[in-house]
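There are two complexes below, and they share chain A, which is joined by chain B in the first and by chain C in the second.
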Partner chain A sequence: MSEDWKDQGWAKQFWYSGKTTRRRFIGTGAATAGALGATMLVPAPWRAAFGQAKPYKIGTLQPLSGAAASGGKTALVGTQMAVDRINKMGGINGRPIELLVADYESKPDVGRRKAEKLLVEDNIDAHQGGFLSNVCLACMPVFAEHKVVNLIGVCLDTTITTTKCDRYTFRTFDYAPSQAVGFAPYMTSKLGKRWHIVYADYAWGQSTKDAYAEQIKKQGGEVAGTTGIPLGTADMTPFLSKISGNFDGLFGIFFGRDGVTVANQAFDIGLTKKYKWAGDGAIAESTNIPAQGNKIEGFIGINRYIPVLDSPLNTPAHRKFFDDAVARLKQIDPSGPLPDRYVQSNYEAMNALKVGIEKSGFQGRADTPKLITALEGLEMKEGDDFPQGDKILRKEDHQAMLRQFIFEIKDGKHKIIEVIAASNVNYPAACSFT
Partner chain B sequence: MEIPWDIILIQTVNGLVTGMILALVASGLTLIFGIMDVVNFAHGELFMLGAYMGVVVLTTTGNFWLALVIAVLIVALLGAAMQITTLRPLLGRDPLNTILATFGLSLVLQNYALWQFGPVARKIQEPFTGQFTLFYLQYPWYRIVIAVLSAAIITGLYLFLKYGRYGIWIRATTQDRVMAQAMGIPVPWVHTAVFAIGAGMAAASGVLFGPLVGVNHAMGLDWVLKAFIVVVVGGMGNLGGSIAAAIFISLLEAYASIWVSPSQAIIVSSIVLILTLLFRPTGLFVPTPK
Partner chain C sequence: MTKRHAKIYWTGFTVIIALLVIAPLVLPEFWRRFLTEILIWGLLAMSSDLLIGYTGMVSFGHSAFFGLGMYGAAAAILMVKPPNLWLAILYGLAASAAVAMFVAYFSTRLRDIYFAITTLIFSQIFYVIIFTWTEVTGGENGLSFARPALGIPGVYTVPFTSTTLHWFVLAIVAISYLVLRRVTQSPFGMVLQSIRENEARTRAIGYPVERYKMVAVMLSGLFAGLAGVLYAIQNRFAAPDFVYFLISGEVVIFNVMGGIGTLLGPIVGAGFFLGLREGFSRLFPWIATTFDMPYLAEFPYLIPVGIIFILMVIFLPQGLLGFMKQRLNQ
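Then we have the complex of A and B:
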């Protein structure tokens, strides 16, 4: 920069005339501060015009400490990946996303309190996140009360989009009834007719068990018995030991560390050799497999997402998502895990929110009805925003329908056995918005 | 109604195995309380850190037994450091201070593990994978080994306390701290050693139990609550009582699960706790106070 300014009249007068008194200096400083402050207070449209767009404030509730922290950490990777990509591409309608992360410590009461804080103090425009079903259920009325759109990222409890559905909550991924519709025909035709269901005894596990029991019966099969095991039971063997009798397959519904525990201990007492071993894909998530070792070999499951690059997941969009997720997961876990369905569903839920905002011209909470209208019936096309595949967000219950993968674990890796199209996992909507 | 003897016998084995693991976790806890009057809320995290140390050493050496020994030593040293830096300055203060301090430590250790090792659960490969037939089940030998090893470690601790020179120091400190100090026993160092032994026992149980569950940052949470119940039911600070309570509660839960759902069966321990607090607050397995 040139030094010419020193020779100009105003500078000479200011600095060299000997008239720069403390009063003048403070006065000039105050005027400068005032001008800066005024700039900050200029209404958003003007600021946008000057290139300082007001960000969309998006909240995300995740369990980053406590019992479910492992899942929360990977789920947050998905949300953060989507936000970074959106901001890198110039934001939504020219406005960046400001992500406000709240840790609910894996507790429903804390979740509800943190949701209130995001809504009242942080004044978020929308929410995308949630991991534990009981926390999602506890927080849904809070979002509804404040009339803020809530895009769930992981919670799978069926009632979220059935008996407890509300106009503000959307689930852009699958739920148990539609997975059961997709998996039960395979189970009963290829694996066996009689099943014993062992499940995590809480909101998600119970509703998933009911969904599979219904579909197994519909396919001419039979549920010989059920065993519900409380969340966080470290020694499941006394409960698994009771499972015996004349049935073909053992069907497991667990996630996270309970998924690791059931796989290890069911194998140890010979259940997975004696019976066909199948279940919800959450048991054999990529983040669980290292701790299950060879005890999960041969497990057959269903999942919306598995970390493979085989057809039909051998698309450039999925590879891009996969590579980015692997790099980011490596940063939070030195063992370098592959992405799981929690990364995928959070990533896609945030992108669905982006598409909804673009489509509706949503500016803030006042436009929530427009955003809801845009999201209802939203068609999500396979591509960079939705690498898992096409999906549609039903208007009737805010539940997405999407394709599923039946897989087997072989040599510690997922192998696709069958791909079930979204049209073949349809389950009638059972929600009435009040 | 026909009595299902096969299931009763299977559940007896299960109850004894679970009881011995629980006894090992609880004995460290009760030892620390008995000597130091410290309710150690970080005990579950020492269990978890032991398992992680086991993973690290096992990955490096490939030897499970070496991993068990080294993990115990490392966590015992960590326990000693924790006691010197965090608990020793609080000696003589309101017990609430130590509760808050150990609770804070538990949060720090849990989040440290999550940060250091990441969210993916790790595996400890058991040293052998054989099974034997137990009625309709293939029962893993490793579970029996865990129970036997737990019993051996607890017996070793008992013999050390009963006959070892330093064990006598520890018992003297338990009986009368001031008199022990007057007799020349270095009470602050006894406290440190006891905390280290308790931490080492938690680490041993973490390594031994790791192969059954996978190692993760929250694995201590699942055990420590039940260990606290066991310590209260057995009589706070009473080693023998804690062991008896651990086996008693585990057997009750195992038998209950024959007839009721697991969710109802695990309530048994809470019921025993409530009844103990109501009718025998000093603990079920201690002599009636005169």
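Then we have the complex of A and C:
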């Protein structure tokens, strides 16, 4: 069967007639290149779903290929959900959103180039997206140079809203220092005073470790030791087996595949039985749990979003978001994963942009200063736009403060054990716009 | 080269340079920057051609030289106030030269696949150091900085525009090409080609092969570092991703697509590959929108790029410029 194609006329013609000469190949190649060049020069027509209303052009940079592709595709689901919902409801100020998606292949150089393409060729009015912190940081100066508002979707690096902050970039979700403020009191009062931190040894892991160490000490606790494990280490046992001593809990800071590895291997060598086992919620994202099986049972973490419909997330708004996200995620992954924080933060960032545009009367790039003013200090109320809960976007550093969920993994599912209000995760702003 | 050939060559060279000088004045903003980037990647590819095409050594360590050039420039820009363009170039060259010397000393004792693997390992070592040494290198996030102005600080400076930056890059790439061309045509270059053809015989004649190979790696590393400096100045950031060995792999692809052992070929290869990638990344969304086929919007466009690369290796093994050269000779 698999060889049948060789008997087909076109195959014989192509391969065996001797007609596929180098000259032909080059001729066909040149024609293809011509066609390709033509598509590069001809701008894509926008199909008018709103009559003649000029759409708001919103760009979104996502890693749809390369190392971060699976996360990028999930994140894009959140953005597209928000855009579809906004357009369905009549757009913003009667104008639809035209979403321009750019894949940056998980590479900063491509990200930078695609950002420039969105800004100088597509003439986007604003940007919402970004997944990898290094690409977000590489692109921020480009958005600032073109004076275009940039609402980050996933990038977690602390410096985005601290030492490297700028006037045009906003983050409508949390960052490690505020999560640490929220989680450290629970850790030291309910789980133990002495902690050993094991973390992914690179920028995000290191800055998150420092944030937790600071807050644990502030709460009267102690960090007995730290262990950094290089990113992407498949066998973490040599690192984990050295962890021993007199402390109460092991705190993990990992995400993605590393989250699966650390949970499984820490369980295998008995660390999670000997010590309390807690950490960043990224270790136990819904997408990781199937690979962790029962080895993640009892893990206590903190996250801005967990895919459950228990109180306080048993609202009609969250149910709507949840059902829509589940249906869309099934289209890209037939195993039917539950929505994660990437879907939620992109969805809400796009809605924050919508609210900002409505509030400011933003018409296009020339109104960027008005949009910035509207977004600074924006209060986002729990509802269809913001199903995760209330949040406020601080004026001082463009960083949102939002409620957090402390959860436990029980029977392979997230179970909320404490909700920390947005007012209790406040970390002083450390940004100066120049 | 006969007198007639030389005349044709220099006329062609002048025409191409003239076109590249005019290009930023007529191209839209995005394509202007894109062309500058192609020249930078082309310089990197050309530097590796000295090893791949002329010495017969496939290096996967060029990402380390390129990356260290970037970080060297970044260090100068961040440490010296006001940022000095010439100091950035000097620091970048010094950093890449130091790394090239280190890599050359250990790797040139080896040949073929062993040389390639050793250079790859060295680039990975530098990658891990840069990736994890966050306090100094910025770790995964890299370093961001302002672009230095063109001129001499304190005397006369003028900020770069995308057009003047393009001309600056073009001047450096053109000078680098002429220098490398001279090197490959010199007695030293002839020895390198002799090493490529038959290393044992070259040694038997009495040439200190290891020393020649070391100088070749260092020279190649120096020009790769210069490309890194230019990239840092254009994009105002340095990131560990540029030290990762995949960059070296792309550079080998540029060489194969453009034509190994031609110096100019790798620049053509870089332009062709980057243009192809950019074109296909736009083609599928365009088809999806124009012909109402939304499922094509996120088509993995790197697949057709890979297929074209395979077809080129089959049908044009000598690369685009090598093929053109062959046709002209006929």
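The rule is simple: the second predicted complex is superposed on the first by the 383 of 434 C-alpha atoms of A that agree within 3 Å, B and C clash if a C-alpha of one lies under 4 Å from a C-alpha of the other, contacts with A are read in each partner's own complex, and residues count from 1 in each chain.
Rule of thumb we're sticking to: contacts are C-beta pairs under 8 Å (C-beta built on N, C-alpha and C of every residue); 3 or more make two chains touch, one makes a residue touch a chain.
Since this is a predicted model, take the numbers as computed values, not measurements.
Once the shared chain is lined up, is A:Gly220 touching chain B (first), chain C (second), both, or neither of them?
neither
Quick check on the superposed pair: does A:Asp201 touch chain B, chain C, both, or neither? Answer first, second, both or neither.
both
Report for A:Ser65: first if it touches chain B alone, second if chain C alone, otherwise both or neither.
Touch partners of A:Ser65: chain B and chain C.
Looking at the overlay, does A:Pro230 come into contact with chain B only (first), chain C only (second), both, or neither?
In the superposed model, A:Pro230 contacts both chain B and chain C.
With the two structures laid over each other on chain A, which partner does A:Gly90 touch: chain B (first), chain C (second), both, or neither?
So A:Gly90 meets neither chain B nor chain C here.
Classify the contacts of A:Pro316 with the two partner chains as first (chain B alone), second (chain C alone), both, or neither.
neither
Mind working out whether A:Gly361 is in touch with chain B, chain C, both or neither, as first, second, both or neither?
neither
Counting only touches as set out at the top, which of chain B and chain C does A:Lys107 meet: first, second, both, neither?
Touch partner of A:Lys107: chain C, not chain B.
Could you list which residues of chain A make contact with chain B in one structure and with chain C in the other?
65, 73, 201, 228, 230
Can you list the residues on chain A that touch chain B in the complex?
Within the complex, chain A touches chain B at residues 65-67, 69-71, 73-74, 201, 227-230, 232-235, 237-239, 241-242, 244, 257, 260-261, 264-265, 268-270, 273-274, 287-288, 290-293, 332-335, 337.
So in the complex, which bits of chain A are touching chain C?
Residues of chain A touching chain C: 22, 25-26, 29, 33, 36-37, 39-40, 42, 44-47, 64-65, 73, 101-103, 105, 107-109, 112-114, 116-117, 120-121, 133-134, 137-138, 140-141, 157, 159, 164, 201-204, 206-207, 228, 230-231.
Spell out the part of chain B that touches chain A in their complex, as residue ranges.
Touch list, chain B to chain A: 7, 10-11, 14-15, 17-18, 21, 107, 110-111, 114, 117-123, 125, 131, 136-140, 142-143, 209, 211-219, 221-223, 253-254, 257-258, 261-263, 265-266.
Touching chain A in the complex: which residues of chain C?
28-30, 33-34, 37, 128, 131-132, 134, 138-142, 144, 231, 235-237, 239-242, 276, 278-283, 285-287, 289-290, 292, 297-298, 300-302, 308, 311, 315-316, 323
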